[in-house]
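Letters A, B, C and D mark the chains as written, and numbering starts fresh at 1 in each.
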Amino acid sequence: MSDTTETQGSWLSEEDLATARSRLPIVYVDAVPVRVDDIGTVSHVGLLLRATPDGSINREIVSGRVLYGERVRDALLRHLEKDLGPIALPRIPPTPQPFTVVEYMPNPDITGFFDPRQHAVSLAYVVPVEGDCMPSHDALDLVWLRPDEVMSPTVAAEMSPGHAKVVRHALAHTGRPF
Amino acid sequence: MSDTTETQGSWLSEEDLATARSRLPIVYVDAVPVRVDDIGTVSHVGLLLRATPDGSINREIVSGRVLYGERVRDALLRHLEKDLGPIALPRIPPTPQPFTVVEYMPNPDITGFFDPRQHAVSLAYVVPVEGDCMPSHDALDLVWLRPDEVMSPTVAAEMSPGHAKVVRHALAHTGRPF
Amino acid sequence: MSDTTETQGSWLSEEDLATARSRLPIVYVDAVPVRVDDIGTVSHVGLLLRATPDGSINREIVSGRVLYGERVRDALLRHLEKDLGPIALPRIPPTPQPFTVVEYMPNPDITGFFDPRQHAVSLAYVVPVEGDCMPSHDALDLVWLRPDEVMSPTVAAEMSPGHAKVVRHALAHTGRPF
Amino acid sequence: MSDTTETQGSWLSEEDLATARSRLPIVYVDAVPVRVDDIGTVSHVGLLLRATPDGSINREIVSGRVLYGERVRDALLRHLEKDLGPIALPRIPPTPQPFTVVEYMPNPDITGFFDPRQHAVSLAYVVPVEGDCMPSHDALDLVWLRPDEVMSPTVAAEMSPGHAKVVRHALAHTGRPF
């Protein structure tokens, strides 16, 4: 998950956010960007490439927190535009029902989803993207992979175990056998 | 639900279809066409106007059966294009998970959803429509109504009780209070 | 929504919680308790009766926040047992996918769901309850109503507008016509 | 999928059913039986053992068609009791919304789910089972496996590719990492 440092937007100082993160579950959204054909079949999954502090490359889905007073759908658009650029034209789903709720925790044994920084309760959505993507923010690139490529061990190994699981579930949710 | 008389497309004669309808549940799709803004909020619901045999006007959602060998998403596109025209640009959902399954039966007491002709098991979806709609087939018109208009007793009275319930559920599913 | 004052359980002082509530969305669960028959058909909905500060009686569903480090399913069980007693035997759903996400906000105009105290993002579930219920905590009573009774204007008028909407959506989700 | 030969129950002769199966999609239910703890966490998945015509052993989930006039929830109970015995006490979900819709087709290339006999549109549910299971019908045994065992290549190899995919998706739907 990318860090969220928009101090103005969050109405919360970095210090206060750190305190809250150690005491409250934080509301997140996870978005799996996809390309679809005219009957909604997923042809490609979009993964962000980021450099990690230790110099390796990591593949990620779009993820970030929901701000105070912000609707889930506003947060989805904000994070998608932040990571995919302003003309990505994401088709935010009309329903707030997520395909799953991912519970990332500092203790990796509780749910199997790990986040050392916080307890995040993340609403996960599959989001078709129709426009041109220009990875902004701190991503190096955005790569579109076919479902079979995404499911390959090589690609999965370049994702966090949590994101790899979310992507596999997202593909199952779209009816793709794996 | 509009009748489905496409004899070639159905690989089933009218007589055989009538026999099957009296003995087997028929697979259907129900689609509630909506206009959405850039964060997926529903601004309008599309209802078809049809003349009934007794001369009154009925409001309907898009509905029709799934053919042998046809995927659910193909059936959704086919019925939406049949009723809304070829450039309606419906955004078929990437997932086959419907927001509900509607069980229409000749006996209205079993599920509360009634179809005198058949037992239809209908997968119901909310489908954003982005293009220009030109009601074709046997519809008189397509009217876009705001959610509060759709929920008004006047409009509901012009729909079959089953379709009115599906539309109310569809709006709840999109997070619209009612 | 019932207030959550379990200071120990929350690992957060009352003051800190108040501060967080003014700055971060809080993760909640909403549970609509139901009685079901052996094929899962809902026969009754359980509503709590509470006295409001102004002396009137309010009907409510089960609702409360998710604590730091607590899984959503643990929070569901904790709030159901707190409100329905220790032998209510709620059948927590096997899936974390909620039927909807309710966004309660201090500004009632944004989502149509209002909470003057906070911005709560609530995962909503229908929970079959099989055991004996003894409303504990601060509820006066628990009343089981048939779906048609729950949908009556009289009963709806005794609920907060938000909870009435959640209950209507829950019934639609279970296939009950209304 | 087990064959359905209940001629009386189906109100359709074997010959007519064969004809219908070659011309119409057939409505099915798939049920993944699970054991859950008191917070709904899946501890075990139940798989049926059947002898195949060629003498090998196959692992299967519960699956069968919906009859004319039968509700989806009635079909779920009927097939679960047929395969798991009369005191299995399945907890049929209160909602008709399936976690996915599986489209089995005679042509395996269309959806990736294969059934040489027919085009089946199957509504898939996870069903907690609380009672004692005595595999009846034509099953040899019912085996309860932990999620990690179910996901092992050995077990997956003993299932049809379609059922293995449905089980993996069912586990993802219950929040189990894999």
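Keep in mind that, in the parts below, a contact is a pair of C-beta atoms (placed from the backbone, for glycine too) under 8 Å apart; a residue touches a chain by one contact, two chains touch by 3 or more.
Nothing here was measured: the structure is a model prediction, and the numbers come from that model.
Asker: Please state whether A-B or A-C has more C-beta contact pairs across its interface.
Answerer: Top pair by contacting C-beta pairs is A-C.
Asker: Tell me whether chain B and chain C, two copies of the same sequence, contact each other through the same residue numbers or different ones, using over half shared as the line for same.
Answerer: Counting shared over all numbers used gives more than one half: same.
Asker: Centroid of chain A to centroid of chain C, CA atoms only: how many Å?
Answerer: The separation of the two C-alpha centroids amounts to 28 Å.
Asker: Could you state the distance in Å from the CA-based centre of chain A to that of chain B?
Answerer: The computed centroid separation for chain A versus chain B comes out at 33 Å.
Asker: For chain C, jot down the residues that touch at least 2 other chains.
Answerer: In chain C, the residues touching two or more other chains are 71, 95-97, 99-101, 103, 111, 173, 175.
Asker: Viewed as a graph of touching chains, is the assembly arranged as a line, ring, star, complete set, or other?
Answerer: Contact map by chain: complete.
Asker: Per the contact definition, I'd like the list of chain D residues that touch chain B in the complex.
Answerer: Contact set of chain D toward chain B: 11-12, 16, 19-20, 22-27, 66-72, 95-101, 103, 105-107, 110-111, 119, 121, 123.
Asker: For chain D, which residues count as touching chain C in their complex?
Answerer: By the definition above, chain D touches chain C via 34, 36, 38-42, 71, 73-74, 76-77, 91-97, 99, 126, 128, 173-175.
Asker: Looking at the complex, which residues from chain A come into contact with chain D?
Answerer: Checking each residue of chain A against chain D gives 100-101, 103, 111-113, 161-162, 165, 168-169, 172-173, 175-178.
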